[in-house]
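Below is one structure; the comments refer to it alone.
The first chain written gets the first letter, and so on, giving A, B, C and D; residue counts start at 1 in each chain.
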Amino acid sequence: MSDEKRKPTPEEKAAAAAEARAKAEALRKLREQEAQASQEASQVEPSQEPQEEVSAPAAKPVSEMTPEEKAAAKKAAAAEAIAKAKAAKEAKEAAEAETPVAEQQSEAVATPAKPVSEMTPEEKAAAKKAAAAEALAKAKAAKEAKEAAETGADTVDSAPDADAKAKAAAAAKAKAAAAAAAKAKAAREAGGDESGDDDAKAKAAAAAKAKAAAAAAAKAKTAQATGDEAPAEEAPKAPSKNQPYLDKYVSRISEAFGQEVIEASYINELGKEVPTLTIQNERWYQVAQYLRDDEQLSFEYLSDLHGVDYEDRLEVYYHFYSYKNRQSLAVKVKTSREESKVASVMDLWHGANWNERETFDLLGIHFPGHKDLRRILLPDDWVGYPLRKDYVQYDEEV
Amino acid sequence: MNTLLQQAPSWGTTLWFIVAAVLLLAVVLGFVTYAIYFERKVIGWMQLRIGPNRVGPLGLLQTVADVAKLLLKEDIRPQHADKALFTLAPILAYAPAFAVLAVMPFSDSIRFADLGIGLLYYIALSGITVLGVITAGWASNNKYSLIGGLRSAAQMISYEVPLVMSVVGIVLLTGSMNLKDIVEAQRDVWNIVPQFIGFAVFIIAAQAELNRTPFDLPEAESELVGGYHVEYSGFRFAMFMLAEYVYMFGMGALITILFFGGWLPIHPSLDFIPGIVWFILKFSIYVFLQFWIRATMPRLRVDQLMSFAWKVLLPVALFNILLTAVVVSYQNGMF
Amino acid sequence: MNHNILTTHVDTSSETGLRTEEMLLNVGPQHPSTHGVFRLVVKIDGETIKEAIPVMGYLHRGTEKLAENLTYTQIIPYTDRMDYVSAMTNNYVLCHAVETMMGLEIPERAQFLRLIAMELNRVASHLVWWGTFLLDIGAMGPFLYAFRDRETILDLFNELCGARMTFNYMRVGGVKWDAPPGWIDKAKEFVQYMKKELNNYHQLVTGNEIFINRLIGIGKFDTKTALDYSLSGVMLRSTGVKWDLRKDEPYCIYDRFEFDVPTATEGDCMARYHLRMAEIEQSLRILEQALEQFPSEGEVMGKVPRVIRPPAGETYVRIESPRGEIGCYIASQGKDKPWRLKFRRPSFTNLQILPKLLQGENLSNMVAILGSIDIVLGEVDC
Amino acid sequence: MLGLAKGLGYTFKKLTEKKVTHFYPDVPFPMPPRFRGIQHFSPEKCIVCNQCARICPTECIQLTGKPHPDPEKKGKIIDTYDINFELCILCDLCTEVCPTEAIVMTNNFELAAYSRDELYKNLKWLDDNNTNVREEN
């Protein structure tokens, strides 16, 4: 539901119209899916356990899961989601016991016809599942949602009727979903470090276990959900429009350098579906060169370069653009915090020059190969790297 | 005045000279004060502002207050500046600007020295100002000053050539370098008509000589911050400021004399209006033009400036001399 | 600063036998033409620049570090202070990034208000550029004319959001204020006025021979260099690349309006001048349409959770600011505060080409080239 | 030459045009109703919820509450309330979150002072700053 997505390109319009017509069918399909999923889930469940532990407390982004993980998670979650209506209640209680922040959350749950837009993608998707059954029963909710959808008014101009209908259905689902979403949040908070309340934690822990898997699964689903909800339902695995590009990049790079240089590859659903690669640090320079020079890739424009401190590692984020192919690509290169080193790409893209200096200045990442690596924003005699999470300002008197 | 000049020097006459000089200085300072005031006003009006309006009625005392402030300011000299030259530079810049006024005939009766080579005197003395500017640039021990000083030297020397060349036509026409004779020779028609090419060259070169927009490179504030006078403050800075405006006064007077017929009226029938009024009127138009240009024009680049002087102005001025010479010879019946 | 520029070269072996010396000139941080507190150390031989080293950071406030301890709503006022000449686009890029992550839906009316505010701000920004650029070139009149017209825009903003430059107008999910009564009509009036006034600007400056001669062929580069140096906005378009994020990766509701992306092929200061002037025209064109189609009623704030918590993950969005491509990267851990916030500042990136452009140029061209890049130091130093 | 002449023509026309400058400070500069000026604080409305201090991006608001003097009543009343205008960026967030409109914006904006200490405004000062109070908040 990002900005872009709301603007109806011709294809999207057509799709929306088609969806509206096939709405009833879609819903039926969804139910089938759920039934199927619940069967599958029972098979995959054991393998699911360790993952939810990882994903729940640290809120591990989808981005770091391999496709297989994602798929597995989804299946498991689908099954659990059905049983979630009940859990929602629990979560509410848990939330109430929590900090004021959590209270606000539960307030949000109570408001009727809460639009999808308020939920984070993973919640949305999770909610959708849980809601599907409820939604059918709730004719009234659908009506409310319709109104909400109309005020939202995105694709009003094209086939307003059909559109609104489709939206109403979606919104109805979303409404029921809100309950589940809140639960997800509560669970995550309990898991995370925000709430110090032991009581709440204990309560939430139960919910969290059931929930986390669902959330993880949901994330996988958002890939399709971001665009439009109906297609996601029709074809749950419908890949992002950028999936072919990602596949192309992966195959080109693997052909040239072998599989192992790509540590991970995925579509970043939160970031306008940009294909994202994580490249092995040691081979980065060669890969970078290839990215720029290869005919089919030709990423001649470096839009952004900066570093992120993830506490256990540092990452350098590159955002490339190819004016030839009109395609974006995000690349991440990891490095250790102690001996941070990422090959400089300054001689490939001159625009990296100051950006690398800035990254060095603020995060202390070294760029071997950079010709003039010195501080750029801070004074030359500054001590420490401010954007590191453990940074404390140097005080001469201490 | 003429009688005074021809008398043998005595205490009495010397006193008279001094009084007259002080009087002229007062007039010139008054002019500078209000030239600055009007410059700010005119440019303000053109830029949809109202200009100075806080000190005195209509802001008339604004410049007075500014000058008072400059005179009362601490005299600051940069530590590694050349002490002697730093002190000398403003005087060098100012003195010739004032000295050239000695030969200006403001009207039939109001004038000082009546030199046979008045024009030459003016040109020769005004060339000294550039020395002051270079000295200031060098002595300040500041890189911006130095660049400004050097730009100024290059510019002033380059533009002096077309400036001189452009008035040769008038000298040819008049047959005299005496400024009074030149004015008298314009009874029938002002020199601006027969000498239009010369006038165009002169007014451009004069603009460059004055370091005024669009030729204000030596002090280009957006490039050199302030150019040669960047390190000057207080009354020394006031001297430079004064030199600039007095020089403008001189140049305005010269142009009025050379091209606009000095104190002569537009038409002989308007003779009842005193000559000095005509002079001031014509002179004011030129000064207004200065302000007007300053409100409109961007600045030239230094290399364009030089090539413009040598490749455009000088040939045009030479052509003007040739043309005038031919015409004058024809009139004298040589052909 | 341990850089080779500090060693100047003394030429004793010249053919003339004259001893010449290169000179280090410190331009800035207090210099009228550096548009803020930017410093350039230039090595000059006479008036020819041999080498130029930009030094910046005098206005570095650590926005990115501060943001790590602020909620998203609290960061918005900080973005006002980055590119303070065009704060609306900064507001927008942050909100847009958060909205992209959260998948929020923005009400129609808010979208229009955002677009109108951004385009007005683009006009205002270009007017500031026009005025200051000409001030650099040595003409002081245009500066005041430009600021007079910008004043009208700032007054409009003042009425809209209660501030003239630091708007803090946009919020995640919408905008803070609806347009006050009569505001749209005033904006319409301004657009009509500005269209006419723009011709006067051209009359005053564009045909001026001195001006033309100072800009033609100065600060020239080609498309390949532009891409290599990650240039964006007018800097890129002046080399012939037809690229405007409003057109090519439409955000907000730009795809509903008709406008052109002016391009030039010369890649010099003159081309950039003409492009910016043409961009004002196009912005006015967008404004005309947007103000005409402005919905008569509707919400200005979408349904947003009380506490804004983007899901864990990261996003990078980019939009077209008056200076080029402004990007916002957010790494979120699912908290109400960003884990890492990074702005891709067009001024910073565009400035990188400066040392290359200045090489071998005259000192007078330095200010023209620097002016034509159009930097805002609040953004360079962030 | 034509370009130069055109430019001169333009500036000459402006010579007589109406001037656009204001006579500030002789004539006060009217600000639109939404203008974000110095805050006005009404202590009787404050419920000491601390939201303004928490939302402030520059942490320039400091407040303390004390128990309600009337023992019958619950809750707190405001004791001290300081805004440090060295830091305040008048971003409007405090007035936005205030549930009781105890803190509101005014149209006053003249803050210049000779000493930094004068920029610390306490409860009384903020309470007395009650002219031109903004209506919409």
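A few points about this structure:
To be clear about the criterion, a residue touches a chain if its C-beta (ideal position, glycine included) is under 8 Å from a C-beta of that chain, and two chains touch if they have at least 3 such contacts.
This is a predicted model, so every value here is computed, not measured.
By the document's definition of touch, common neighbours of subunit A and subunit D comprise C.
In this structure, the chain pairs C-D and A-C differ in their number of contacting C-beta pairs, and the larger number is found at A-C. Subunit C and subunit D, compared by their mean Cα positions, are separated by 28 Å. Centre-to-centre separation between subunit A and subunit B, using Cα means, comes to 73 Å.
If you average the CA atoms of subunit A and of subunit C, the two centres end up 30 Å from each other. Separating the CA-averaged centres of subunit B and subunit C is a span of 43 Å.
Taken residue by residue, subunit D touches two or more other chains at 4, 7, 10-11, 14, 20, whereas all remaining positions touch fewer. Shared interface positions of subunit B, defined as residues touching 2 or more other chains, are 46-49, 295-297. Shown for subunit A are the residues in touch with two or more other chains, of which there are none. If each chain is drawn as a node and touching chains are joined, the picture fits none of the line, ring, star or complete shapes. Chains touching one another, given as pairs, are A-C, B-C, B-D, C-D. Residues of subunit C that touch subunit A in their complex: 1-3, 56-57, 60, 62, 64-65, 96, 99-108, 173, 227-232, 241, 243, 248-253, 255-256, 298-299, 302-307, 309-318, 325, 327, 329, 331, 333-335, 339-340, 342, 344, 348-349, 351-353, 381-382.
Taken in their complex, subunit C has these residues touching subunit D: 70-71, 73-78, 81, 141, 145, 148, 151, 155, 158-163, 166, 168, 176-177, 180, 200, 203-212. Within the complex formed with subunit B, the residues of subunit C that make contact are 23-26, 31-33, 47, 134-141, 144-145, 148, 204-205, 208, 210-211, 213-214, 362-367. Residues 43, 46-49, 143-144, 147, 151, 213-214, 216-217, 220-225, 294-304 of subunit B are the ones touching subunit C in the complex. Only residues 1-4, 6-7, 58-63, 101, 104-105, 107-108, 114-124, 148, 151-154, 185, 188, 192, 194, 226, 268-272, 274, 300-304, 306, 308-310, 317, 319, 323, 326, 330, 349-355, 358, 362, 372, 374-380, 386-387 of subunit A touch subunit C when the two sit together in their complex.
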